[in-house]
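Heads up, the next two complexes both have subunit A, just with different partners, subunit B and then subunit C.
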Partner chain A sequence: MTAVLSILKSGASRKVKFLALFIAVLATLSLVRMWADVLDLTSRGTISAALGLAVPIGLAGLGGLWAERAGVVNIGLEGMMILGTFGAGWLGWQYGPWAGLLGAILFGLLGGGIFALATVTFGVDQIIAGTAINILGLGFAQFFAKIAFSKAPGGGPTQSPSISALPTFTFDRLSDPLVSLHGKGYFIISELAGLISGVFFRLSILTVFSAGLFAATAFILWRTPFGLRLRSVGENPHAADSLGVNVYLYKYIGVLTSGVMAALGGAFLAIAASGVYREGQTGGRGFIGLATMIFGNWRPGGTAIGAGLFGYIDALRLRDANGTAMRAIVLLGALALIVLAILAIRKKRYQVVFGLGITAAVLISWFLLTTALPREVALVAPYLATLLVLAFASQRLRPPAADGIPYRKGESK
Partner chain B sequence: MLAVELQGIWKRFPGVIANSNINLKVEQGSVHAIVGENGAGKSTLMKILYGMQRADEGTISVNGKIVEFDSPSDSIEVGIGMVHQHFMLADNFTVLENVVLGSEPTKAGSIDFAAAKSRISEISDSYGLEIDADALVGDLGVGDRQRVEILKVLYRGARILILDEPTAVLVPHEVDELFEALRGLKSEGITVIFISHKLDEVLQIADEITVIRRGTTVATLNQKTQTVTAEQLAELMVGSELPTPETRGSTVTEQVVLLVSELTSVNSDGKAEISDLSFKIHAGEILGIAGVEGNGQSELVEAIMGTRAATGSIWINDQDASKLGTRKRRELGVAYIPEDRSRLALLLDAPLWENRILGHQTQAPNAKGIRLTPKLTKMDTKRIIQEFDVRTPGIDVLASALSGGNQQKFIVGREMSGNPILLIASHPTRGVDVGAQAAIWDELRAAREKGLAVLLISADLDELIGMSDSIKVILRGKFVADADPATVTPQQLGNAMTGALKAAN
Partner chain C sequence: MFKRIDTLIAPLVAVAFSVLFGSIILLVFGANPIETFIRMIDYASTPRSMTLILNSATTYYFSAVAVAIGFKMNLFNIGVNGQYRLATAVAALVAGYITFPGYLGIVVIIAISMLVGAAWAGIAAWLKVARGVSEVISTIMLNFIAIGLIAYLMAPTVLGVKTAENVIGTPIIPAGNRFPGVSLPTAPIPVYGMIFLAVALGFGYWYLLNRTRFGFDLRAVGMSPSAAVASGVNVKRMTVYAMLLSGAVAGLVGLPLLLGAQYTFTVNFPGNYGFTGIAIALLGRNHPVGIAFGALLWAFLDVSAQILDLTGVPREIIVIMQGVIVLSVVIAYEVTRRVKVRRQQAAVGSAGQ
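Moving on, here comes the complex of A and B:
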């Protein structure tokens, strides 16, 4: 563990650092799996389910990232996601899943457009406008679902008829042998096998597409002139304006893209995850997406890792019949706290070390004294993780400097 | 060869004429300074030259050709670049990202970072700017940031640079670095237009100096062909003789107004910011505190005002004020001109008449019992504006709309209202123009004659020596010397301030 920490601190390239971190995570998982004796921790089913649960959260987070990089705080992601589920359901059951995706994109543009009009053109407080979008998105979807789906075959006032499925990929020749390798329970190797087999098991084309969106976002925002300009609008719009960047235009693009991404997250829920539009389907994932974006330091890679964490814990919760996996999660949490404590010792923040140590000790004794835990533990785990990240990494978080500040041309300081 | 020529420029705003019949000729490859008081119309003129505003009348020629600017992008096109007084930089971006923004070199659709970097280091090297392209702007100091701004306009191919009050934010050694960089630019044939009201700096760097007074160009002086003095410039700027800080005769009385003994204040790290300070100020006396900034002056003022915890005793007019809160102390008759007017003396986003209330919120004419009396406040605000010559369109404008000098005159007016007995003035003329400076000195003199006790803290040694009846030198929170303003020279005072030697006396 300390070896990994020193690699992370060293001047090694990002690839090396990432690899070191990845191996450390696998090793930890492996240790926990052996100690708690829960093979399901990294099984094909768990990983596959985690991926499916992570995608909508991740897309919402990516939506948040596009808006906030352009300097607009978007807490209306949830509402935009709901619009996406409705759009996907409405066009999806009639014209197929691809049309459903198109529907989600259109409704995402609608939500993003209204939000941009309010926040960018009229300079309305972004938190208030976002809350309005959440209420509006929900009300809109409920109202029109009643009209659109009530008389449809197999539909109802709160549910659409089913949407035909999109293609999924399964690479049995790769996946199946890896599953048996996973069953052997080798240190690290089994974890790796489980991970790969999970990724290539019933892989939805939408998941591949989403991964592509993450990569595209990273490239566009950090490598192209367009992206530099969009980010400059979120950092110092007056400076951008003085160099001829059309601030309003870039803010619109950011917010509209944000709406589309969040709506695609909704579409994934409707099309890939359940095959129908259902009221309340998003279940607060827009907000969780916002949390993953903050967890990920307003960057695509970090957001993806955050979404993966939320998805993973959610998957374990859903698959955990007897509470043993939850028990393992407690141990995992304790180990994570110990790592944070080691970091804090290096920074000589002894109060923090003390707090972390106590919490870790409580979690470990909880782990030792029980054999199973209620599933509800998992419900708070991701939030707890986000809170911990915010509490311990807040000095290193770098939100865009002009995030949340309405821009008025000519009104420089 | 003229880089820029302005002929007969007029610019009117509703109610004011900002520029009238401006004529300006700037030689190529020279440093041309434009000086004038705050509000004389320098900034408007530069906005016209940079294309941010259009002139109502007159012509602009660049490199001999008549041009018309609709927006800054037009002026950038003919090679004019502007370095704003408030930096236009994104802190979370690297130098490279800040510099290329808006005109990025690309390769196959993505930013060509390698090309940008070599271009930036090329410019940085050839003009001696010493900028690392990969540094995060947020990590840079003020001087470095300014050079990034200069790099930014050079990167866009500017051959004519406009610098708007570039030294306002710099400390002395950064000013030297900037001037070094400007000389480098000049030697490469770049034309620099330098706006300032700091005369000594202008004399240091400029080849030619154009003076603007009340919106019009009154003279252009050439340092190569004639000797130019600060007095001469100041006279041209204000249209009259340069004011000097001096007081006549002694008005010091026997009555002690402020008695401070053994005042000590410790910061959160347990270090004493000020220790064992004892002094008294009589009615009609100005006590000056000399010291290099950061040696306890601010802490002393805060302790007297009651905004910083301190031990020791403070008596104001024979009343023990040591245990009183700030409001009670002010009600005893303490007027206060803080060192940082925008942070401590004004609500920038509130109208002027609301600012009149600050610090006097329990006293007439602002309040009667628990009720505020805005009508009376507004009337009194009008009085202050008239009596203290605060140049503002009205009492309903936001405080931020006033120039620094006018803000300061307003603050002085407010603080002198309600018959105070003690005035604490921290850097009262810092960052204000010559006209406002003279007005503020007049007020200090008037206060002294009226019998106020005045504590004056200033970094301007001429001001300190000219105005004070006695001077104490503070070093690391302790008084290290007394000086007699009648005999001490600024050099002796400067030595005492750095602890080099005891002041003469």
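Moving on, here comes the complex of A and C:
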């Protein structure tokens, strides 16, 4: 562990650091798996389910990223996601899944457009506008779902008829041997095997597409002049304006893209995850997406990791029949806190060390004193993790400087 | 007098716009808007509906005042949902398991609710002043954590029981711990007794804001933190107090329903009054009377919507109209604010010549 930490501290390239971190995570998982005796921690089923659960959250987070990089805080992701599920269901059951995707994009543009009109053109408070979008998106989807699906064959007032499935890929030759390797329970190797077999098991084409969106976002926002301008609008719109950047235009682009991403997250829920539009399907994932984005320090890679974490814990919760995996999560959390505490010791921030240490001790004793834990523990874990990151690592977080501040051309603060 | 009209214009425009928008949707789907609205008003005029409206409005009023206390200081308490759910769950457990003599039970239960609400909001307050975490984000996280915590508390292995309809919840609250209601003439159901507490809260909120040093400091920080600091206000301490107060009021949100009608907290307890509170606080401009009107309007829309399904239009049109109200009211505020600024500038400019 300390070796990994010293690599992370050193001037090694980002690839090396990432690899070191990856191995450290695998090793931790492996240790927890052995100690808590839960093989399902990295089984093919768990990883595959985690991926499926992570994608909609990640897309919502990516939506949040696009808006906030352009300086607009988007609390309305949930409403835009709901619009996406409806768009996907509405066009999807009639004209097939690809049309469903298009429907989600259109409704995402609608949600993003209304939000942009309020926040960019009229410059109203972004949190309130976001709240309004959440109410509007919900009402809109419920209203039109009743009209569109009530009389449709196999549909109902709160559910669309089923949408035909998109292709999924299973690489049996790769996946199956790895599953048996995972079953052997070797240190680290089994974890790696489970991970790879899970990724290549019933891989939805939408998952691949979503991964592409992450890569594209990272490239566009950080490697192109367009992206530099968009981010400059989120950092210092007045300076951007003085350099001839059309601030309103870039904010509109950011917010519209945000709506599309969130809606695509909704489309994934409707098309790939369940095959129908269903009322209440999003279940707060828009807010979770927001959390992953913050967890990921307003960056695509970090957002993806955050979404992976949320998806992983959710998958464990859903697959955990006897509460043993939940117990493992508590241990995992304790180990993570210990790592953070070690980092804090190096920085001589003893108050933080004390807080983290006490929490870790409580978690470990909880782990030792119980044999199974209720599923609700998992419900809390990712939010608690985000809150802890915000509380104890906020000096490492760097949101866009002008995030959340309404911009008026020619009016400085 | 003119100042009053100015503040009323924005909400009225917003409501009018929302009615217009609703009418267009109704027309598109082949319903006569005027007829529909008349039917809604007719339906809402029955004693039963009026009782329901007063009851919902009571709940909304608590929620909106909780949000408004934060708003006065530019604090966004998005966490009312989590605060009241946790507070109501704990209150329901106490009320369900312990019997108190006389009216002591009600007093204890209300106190516990307010304490739990304040404590949950206090976490966000501490994170804000000690660690610089935005209360918007922390309260969103705390909402979800509250849901998990409640699910844990309600688990049959912990404190929950299976209620009559096979739903997991708290034991039914005994008669002594219930808040007695008052009935409107000929109404089949009583109005929540807690409506009087809501009225008292409105007076208290008004008094606190306008007649106390604390209220003055609160408003001063909201209008200009730097000016407040310059005049000796401890902004951090005010943030904590405001958040605690907001949370304490939020703790009351679930009680009318719990102690006046449902008598048990189940996992299906309504969970979204917090966002309604944000909308209503906004509509009522954080003013105790304005909020009362906003709460009544919201409750009227909710209750009268029940008739819509019978007319062939999905009742969710009301949710769309509510969303339109929120969005157009903030836009209207912003536009009127800009007009005012421009007028002021013009006045200053012409005075200089």
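Here is the rule we go by: the second predicted complex is superposed on the first by the 412 of 413 C-alpha atoms of A that agree within 3 Å, B and C clash if a C-alpha of one lies under 4 Å from a C-alpha of the other, contacts with A are read in each partner's own complex, and residues count from 1 in each chain.
Here is the rule we use: a residue touches a chain if its C-beta (ideal position, glycine included) is under 8 Å from a C-beta of that chain, and two chains touch if they have at least 3 such contacts.
These numbers come from a predicted model, not from an experiment.
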| item | value |
| --- | --- |
| First (subunit B), second (subunit C), both or neither touched by A:294 | second |
| Touching partner for A:398 - first (subunit B), second (subunit C), both, neither | first |
| First (subunit B), second (subunit C), both or neither touched by A:212 | neither |
| First (subunit B), second (subunit C), both or neither touched by A:243 | first |
| Contacts of A:154 with subunit B and subunit C, given as first, second, both or neither | neither |
| Subunit A residues touched by each partner, larger count belonging to subunit B or subunit C | C |
| Partner chain(s) touched by A:224 [first = subunit B, second = subunit C, both, neither] | first |
| Subunit B/subunit C common contact set on subunit A | none |
| Partner subunit C, residues of subunit A touching it in the complex | 73, 75, 114, 118, 122-125, 127-129, 131-140, 142-143, 146-147, 157, 284, 287-288, 290-291, 294, 374-377, 379-380, 383-384, 386-387, 390-392, 394 |
| Complex contact set, residues of subunit A against subunit B | 219, 223-225, 228-229, 231-232, 235-236, 238-240, 242-245, 398, 400-401, 412-413 |
| Subunit B to subunit A touching residues, read off their complex | 72-73, 76, 84, 86, 88-93, 97-98, 100-104, 106, 109-111, 152 |
| Residues on subunit C engaged by subunit A in the complex (per definition of touch) | 25, 29, 76, 78, 127, 131-133, 136-138, 140-145, 147-149, 151-152, 155, 157-158, 275, 278-279, 282, 314, 316-324, 326-327, 330-331, 333-335 |
